[in-house]
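Here chain A shows up in two complexes: once beside chain B, once beside chain C.
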Partner chain A sequence: MLKVNNIQTYYGNIQALKGITLDIGEGEIITLIGANGAGKTTTLMSICGVVPPKQGEIFFRGTPIHNMTTEKIVALGICQVPEGRHIFPGLTVKENLEMGAYLRTDHHGIKTDLEYVLDLFPILAQRRHQQGGTLSGGEQQMLAISRALMAKPRLLLLDEPSLGLAPLIIQQIFEIIRKINSEQKTTIFLVEQNANLALKVAHRGYVMENGTITLADSAANLLDNEDVKKAYLGL
Partner chain B sequence: MHIFEEIKKSTITAVWFVFLTFPIMVIRVNTIHKTIEWRWDNMIMVAVGSFALSFVWRYFMEHRQAPKPEAMGRGVPWIQNARQAIKHPVFFYSAIALLTVFAVIFPFIFSRYQVNIMTTALIYVMLGLGLNIVVGLAGLLDLGYVAFYAVGAYSYALLHLHYGLNFWICLPLGAGLAALFGIILGFPVLRLRGDYLAIVTLGFGEIIRLVLENWNEFSKGPSGIAEIPRPPIPGVELSLSESSVFLYFLVIILTLFTVFVVNRLRNSRIGRAWIALREDEIACQAMGVNKTATKLTAFALGATWAGMAGVIFAAKTTFINPASFTFLESAIILSIVVLGGMGSIVGVIASALILILLPEYLRAFSEYRMLLFGAVLVIMMVFRPQGLVSTVRQTYQFKGLKKDKEVG
Partner chain C sequence: MTSSFFAEKEIYNGLLLSRTIILQELINFLMDYFLELLLGGLTKGSIYALIALGYTMVYGIIELINFAHGEIYMIGAFTALIAASILNMLGLGQITILILASILAIIYSSAYGFTMEKIAYKPLRHSPRLSPLISAIGMSIFFQNYVLLAQTSDFLPFPSLLPEFEFLQPYRHIIRSPEIFILFTTVVVMVLLTVLIKFTKVGKAMRATAQDRKMAMLVGVDVNKIISMTFVIGSSTAAIGGVLIASFIGQINFYIGFIAGIKAFTAAVLGGIGSIPGAVVGSLILGCTESFATGYVLSDYEDVFAFGLLVLILIFRPAGILGKSSSEKV
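Take a look at the complex of A and B:
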């Protein structure tokens, strides 16, 4: 579904990605794990076109997207949940969700999806007239995911959904991620620091270090891999 | 004990004010008789006055901090009743009708002076609503808004001077040119936000003014352009007072048009994109909002109203020069938006009328009027920092959504 072919991305003169190759199949949950500064978020930003790659190619369902602007990429069905949530603090929960459906014009579909996400996260239904900024961290993350779902993405990019959340909430969010994948058939690309949890949810995983991919395997194999255990699982 | 504390603080304030105002309020040097007058009675007045003011101020500050019963006075019966009464359609429509009647008969019952200042105030309503798009909705702090006002005014003046174009052709032309300048300003500042954006827009405003001031061949420099005709009605000869009445009605119509368009814009797709852009740029990009186009339309549409207001201003005063387009104008328009409540249309209208009419009616207080004006502004910002009318955004109800019934 998404093919990333040897992309190299720079911030000014600093090279953040030194040739990343990824392959994401339809309906999969793929995780990208790695330490701070390995280039995980940059990989996402390059896919979305926020920081376009200098070299290399990205194909989404056969369409080259490495030269497209962000809004065109979003229109193709790639939606990102940015790191650190980035909800609209001054808009109500409902308005936040409506902004998720910004590019859509099918009113009936939007209504169905709104019902779906409010079913997924009942707490948001209770809080839907509250301003986004007044929600707790976990609720904000739920809102960010729901907002991305409102765009009805084919590929959902999640950037550190566990950032700064309590373990119980993280569990809940990962449950939901699995549920979205199985119910909506949404392909999910999950960037995580919490390698243990991410690998348990994902089908396959990539390990990243210093702007390159060092390992690629099924999630189960990565969980058993001695190097991964030592470096990321703390075992 | 508490009261004693308050009295102590107010006394300190009073002493401090006496000290501060001593040189100007008490001492007067009589240069003719070469004597010094000591006006001790003034000192007593300052002391008593500042003590009383400080006491009242403290009282209100205390009440402001105290937890409000049922936030925003919902618990107080008469406020609640008043709120409901205002929402009631009978009241609402009769208020609208009354306002309309008042607006229509206004020029016939009041003097020409009153009509003129009302016209000016309405021009500022248009300017405020235009800037409201840029600052209030899109959250782009624009300190050089007056530049677009100048573009509008000068495009009418110059097009008339060189090509003899009349007011009615210049009105849309001026608006269009201002929009073009909005885009010209927009491009370089696309990546800027907050303070940096404010500085660049401030610079842009000054550039336009300085160009007009110094490029004599083009704009006639500081001496300005005179004999700009008032808006004509084809085939009808208007006297001076008829002309100002006509201009008054024209401005009323344009203001209504502005209100209508801005209201529609705010609740439109692009309006929602503006508000979202104000809230969070990264999230906007993730949602597929075209940042470039959204920002440029905000600048262009905001500038359009300034351009239109500029053409009317030129036609009203019949003389323009760069001195009318200083930074102070930008600051006044910005205070209209901030005072009225960012993003609120009713608020902007109310604050434009207050800010422009108040200094006129305060002329009775002659040299103290600006002092009073400043005091009103400060008091407003302390007690209602969110502006006169805090924004109530249109919320959309999805009918038949089952959660609506369950959770209420």
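Take a look at the complex of A and C:
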């Protein structure tokens, strides 16, 4: 579904990605784990065209997207929940969700999906007319995921959905991630620092270090891998 | 003796009565004067508001003080003058001329605003904030001199296009028809703008872009288009302001944009820059302050009071009257 072929991305003169190659299949949950500053977020930003790669290619369902603008990439069906959630603070919960469906024109489908996400996170239905900025961290994360789902993405990119949340909320959110994947058949690319959690929901995983991929294997194998255990699982 | 007593009393009563009448007259006069100043101030404030909207909207979305915005207003006034002169030769009616000239002014000003953003600000979007600011000042100087060369440095008479209402004749000493017309037009523009920003898809995208540009991109908003749109809307309201004030005062020259721009900028800061209701409130307060300062103190002190107010606001409430209270959670 998504093929990332040896991309190199720079911030000014600083090289953040030194040749990343990834392959995400239809319907999979793939996770990318790694320490702070390894380049995980940059990888997502390169896929979305926010920080376009200087070299290398990205194909989405056969279409080259590495030279496309962000809104065109989003229109193809790639949607990101960025790190830090980035809720529009002055828009109400409902308006935030409507912004998620910005590129869609099928009013009927939007309405159905609105009901679906409010069903998924009932707390958001209660907060419908509240401003996004007044929600708690967990609620904001739920809103951010819901907003992305409103775009009806084929590929959902999640950047650190567990960051700064209480364990109970994290569990709830990972439950939903699994549900979205199994019910909606949405392919999910999950970037996480919480490697243990991420590898438990994912089918396959990539390990990233200093702008390069150092390991690629099935999630189960990675959980058993001695190096991964030592470096990321704290065992 | 008795008769003289009555006469005295009558005179006394008469004096008392005339004193009440005089007092009444005085109160009436003061009331009328107050109303006249208030309505004059509101009219002036409306014009400031039409210009201040452009400052505040552009600031809200790209955090740039567009110092060339006053010049867009001036270009609107000039376009209307040229259009009105041509249409007048065709022998059209006053209202028709006003409407057509306004539409042309809006189109021209929008085109200038749109192009200005593309040429002077867009290439500098990722530069330090000082660069687009300097670019804006450059655009301002360029536009002034461009009109100076293309037109003239003299004051040009502007035809009074604003309609006269018969029913306002008895209140002439308080308010004149053009002022009512300006107030009414401003209210209509404000309502339309509010509807646009609050309820339309474009409006929602504008607010989203202002609040979080990167995230707006990630939900598929074409941010460049939204920024252009903001410039076009701001330029349009400035053009309407330009036509109204030129027609009200009756003369224009290439320099009117500078003064009006500074005042509208002051109003936008007063109300809280980035906030649309703030720009309107700030403008009305500024207009009334100037009006009362002129009416009760001394006309020379108009600007002293206007900018004095700005200094006070900046000291005691730096975010402006309706400045953003940050409800953002990190």
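Operating definition for what follows: the second predicted complex is superposed on the first by the 235 of 235 C-alpha atoms of A that agree within 3 Å, B and C clash if a C-alpha of one lies under 4 Å from a C-alpha of the other, contacts with A are read in each partner's own complex, and residues count from 1 in each chain.
In this text, a residue touches a chain if its C-beta (ideal position, glycine included) is under 8 Å from a C-beta of that chain, and two chains touch if they have at least 3 such contacts.
Quantities reported herein were computed from a predicted structural model and do not represent experimental measurements.
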item	value
Combined model on chain A where chain B meets chain C, clash or fit	clash
Touching partner for A:137 - first (chain B), second (chain C), both, neither	second
A:114 touches, of chain B and chain C: first, second, both or neither?	first
Which superposed partner A:31 touches (first chain B, second chain C, both, neither)	neither
First, second, both or neither for A:125, with chain B first and chain C second	first
First, second, both or neither for A:102, with chain B first and chain C second	both
Contacts of A:151 with chain B and chain C, given as first, second, both or neither	both
Contacts of A:94 with chain B and chain C, given as first, second, both or neither	first
First (chain B), second (chain C), both or neither touched by A:70	both
Doubly contacted residues of chain A, that is, touched by chain B and again by chain C	48, 50, 69-71, 74-75, 79-80, 82, 86-91, 95, 98-100, 102-103, 147, 151
Partner chain A, residues of chain B touching it in the complex	269, 272-273, 275-276, 278-280, 282-290, 393, 395-396, 398, 400-403, 406-407
Chain C partner contacts - residues on chain A that touch it in the complex	48, 50, 69-71, 74-75, 79-80, 82, 84, 86-91, 95, 98-100, 102-103, 131, 133-137, 140, 147, 151
Residues of chain A defined as touching chain B within the complex	48, 50, 69-71, 74-75, 79-82, 86-92, 94-95, 98-100, 102-103, 111, 114-115, 118, 125-126, 128-129, 144, 147-148, 151
Contacting residues of chain C [partner chain A, same complex]	201, 204-205, 207-208, 211-212, 214-222, 326-330
